[in-house]
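The chains carry the letters A, B, C and D, assigned in the order they are written, with residues numbered from 1 in each.
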């Protein structure tokens, strides 16, 4: 054992902002954005950019900057950016502020590992979020949610009530002001109607290395195929099952000794790591979606 | 998201036993052990063996077998083994039974990540243990322990009371019947007196890739050296600081972007994985110590 | 830089043998085999076993033992084993001797990375093989083969001559006494007729993490799906494309920055590592095939 | 096996340049650089930046841009940058052109794995280098060098002739116009005199996870300590042994089964991967040294 330096530092939300941009690539974008920020006293902390093709491709950018030296309030700053920079370059853009934690809803069923991992990371200050509600189709995880002081709503889902259940879920999400939702091994397929009505990003964790083993029972399928690695994939949910833009993936080696049950156990550790990584990237505005793919800065 | 096969299976403790053996290597050991087990109706489930050198080296073996067909009760079975097999080969050996969970004590300070990870894994059935007590030198983690229904004892440690504090810790461990102890980021160095008085294995997690960065503040040292990987090491505690037999190690890649604080955060995930892996191996009697090294089956 | 201990040791082929067994699981197998070996003076170096299910499953075993103390010559030893042990337990078994390198044929097209890697490893003594011939459908790699002193045969393959070309390949393989063949990025699909006529194991390297991206152009498919890992899979070839028993797999992380071309480059390093691992396991008789899966000891 | 898309693409050296900058951090750097490049028609392909501390720290930047639209020739372009941008910000900077491969010298002794790996990668177009010479203290690898058409010089080194031998090495390097040197398991310690006289970067591969196991015989030391991972570290050479700025590191898991010899064999694969990664980063001007650490873009 060892003597520690000091207690782990709590998350310092800093007084920073993140600007993300997507636009057609052409010369002068970086110059225009960085000149604008410099002119208004915004000190750039990190900058990442990517272009699918410098000739006629799409350009992506993420800039994190300090707000302390800014010479404008948020609203006039954003208005000025819209006019001076965004419009001429045809940008899709947004600014988020680290002092305003993102409002994250969590949907769960009976598995606790991904769920508890997210709650713990939030408590430790690893995820800059508030969790205004948890929705489940089962009672099982109520006590865990309540131990962390988070409202727990049960919305049972059956073949017959699916449409109403989803309508109720959307209502709960909207009342809670959820900015995005995480399916922490939620065991129901969300319909296109749900996705449209909610209208916000939904992040899922699938317990395979997609696109291998789409659909139900991937650990059994992995066992039957005799693969030597099992994996997990976190992606944005789209109408097509397990086919949305991938945010993060990882794998662990396995051997002939595994059974579907031990694959499940090994998989749990990968699932929670991969989901946490994806959620953290989303919360910090590091993920830009482009068609069915992601840029993760 | 996907539709699951079924709920995750609770740990089935099976009705099995594990026999571990260490002895001087010579011909006929495997034959003698497997013949003995077969004669008494023990069906072998898994078998692992290792020899440091077939000529004059040390031989290690782990055999897991079903108890259901055994023609003897435990005590006469062990007596027979001692006489018929162990004595002629000069074996150090033991049998443990999976129906009897190992009694694991946990020592903590303020960090929660390794601690909570162990409690979860026990709850999920990943670790075949009972946790009769937690000892801390601080109050901070009392609520977490109590949420899992585990007695929490605070034994403050200062420069002046170290000897008495350790004596009290040993008393608590012995009263609770602890078979081994885990230092889940416990931030005090245990003396040789403690180790002798307790007389049972103590497992530590050190937050570096040993033997690099022994001692205090390994993340700061890693930052200063500019390494491109950080790691964690779980080992048995000996009198010499961070120098005991290593059970498990792992690393994660890092870049120039990290600060000592982000290294700490990244390190937490490795620490808890490595400690859990080491504790699980110990609990399943997979670890045989040989001098300052381990055989991990 | 550092001062080395000594030159790298050449492979010491030892005077050992490997016995592999597959049979229905029932009590007493380990006892019978190890007793037999002990009785005949064979000192066991390594032993691995696996059972798909102790009740009515299949049992697999690999034992490596020294030949120096053996009291019988090879032939009578094998005859005795067949009668005394193998027959009563209904075993499929074989013994291979490390003093007899396996005869490995290599099939290539134009890519050099897997091919050169195998040649190097053979030269370094990592693979206990002889390479009696290389067959290619192109001239490109002739010089590389010849630098290593290996006969290089070109058998052009077109749509029209496929059957005759394969017949010629089989003839070459048989004349060279090939015990198995490795497709080191050989860019033709082998027919069932070829596999039947050759009648020996054929090992392939597929440039994806199977079962994802079966078939042609996996790097392009991986690029289009936007995966965050790319992989390679080495497997035994069966009539169904990319569906044979998997021996080894591995992956590397990739980001949005990659193009199909850079994926190809990154993939090359994984391909050659995975193929080398699979070939080494096969050569050392560590791979037992069971249905469409492998046990890799 | 699978049908390929097409032959692997040869390296397209593009018509691009890389600008790297180190300077005290203050506002406006990104704006000034990107504005300058934009004004002169340089289309930015990739941009990376890093700051050790936005308040009074050091700022690092790497920009890759197309030369096709540039309105100035190289020399006036660099002169203008020096005056307009570099001087006001106190920058240390350089521009390198991808059409001019870097001149890389390789020093070897007897081990072939890192050496051959570099030669192959150069042949495959993975490394944008020319290799004007190889220097060795032994004859062993002459044939390998000559197969790739590279001049091979033997400079024997003994205790008594070290100073003269190093002087001869420096002369050879300078005559060949070497821009940097790679020690591909070169088994002599280079003196400070050598480093000063050569005056160019020297990249080494050390066969351990530094700072663990500095100096001779790291695999034996790893064996004795019983670590569960072994590693390799590529770093710039400084006067202090194995203590220079680290460029790349990696590890592989090992078990109790390994001997110092098998550790060596497993280590070879890590060594060559890590060295190749470091050399590639250096060649593409992705490595900026800062004190005893590196920024690797």
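Everything below uses one rule, namely that a contact is a pair of C-beta atoms (placed from the backbone, for glycine too) under 8 Å apart; a residue touches a chain by one contact, two chains touch by 3 or more.
Bear in mind that the values here come from a model prediction, so they are computed numbers and not experimental data.
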- Larger contact count among C-D and B-C belongs to C-D
- Task: Could you work out which chain's C-alpha centre is the most distant one from the centre of chain A?
- Result: C
- For the copies chain A and chain C, give the interface type as same if over half of its residue numbers appear on both sides, and as different if under half do. same
- Centre-of-Cα separation between chain C and chain B, whole angstrom: 36
- Can you give the whole-Å distance between the Cα centres of chain A and chain C? 42
- Query: Can you list the chain D residues touching chain B in their complex?
  - Reply: 50, 209-213, 225-229, 231, 245-251, 255-257, 292-296
- Task: Over in the complex, which chain B residues touch chain C? Could you list them?
- Result: 27-28, 30-31, 34-35, 37-38, 41, 43-49, 51, 54, 66, 69
- Query: Which positions of chain C touch chain D when the two form their complex?
  - Reply: 1-5, 7-9, 109-113, 116, 120, 124, 126, 147, 183, 185-190, 204, 206-207, 215-220, 237, 241-242, 260-261, 264-265, 268-269, 273
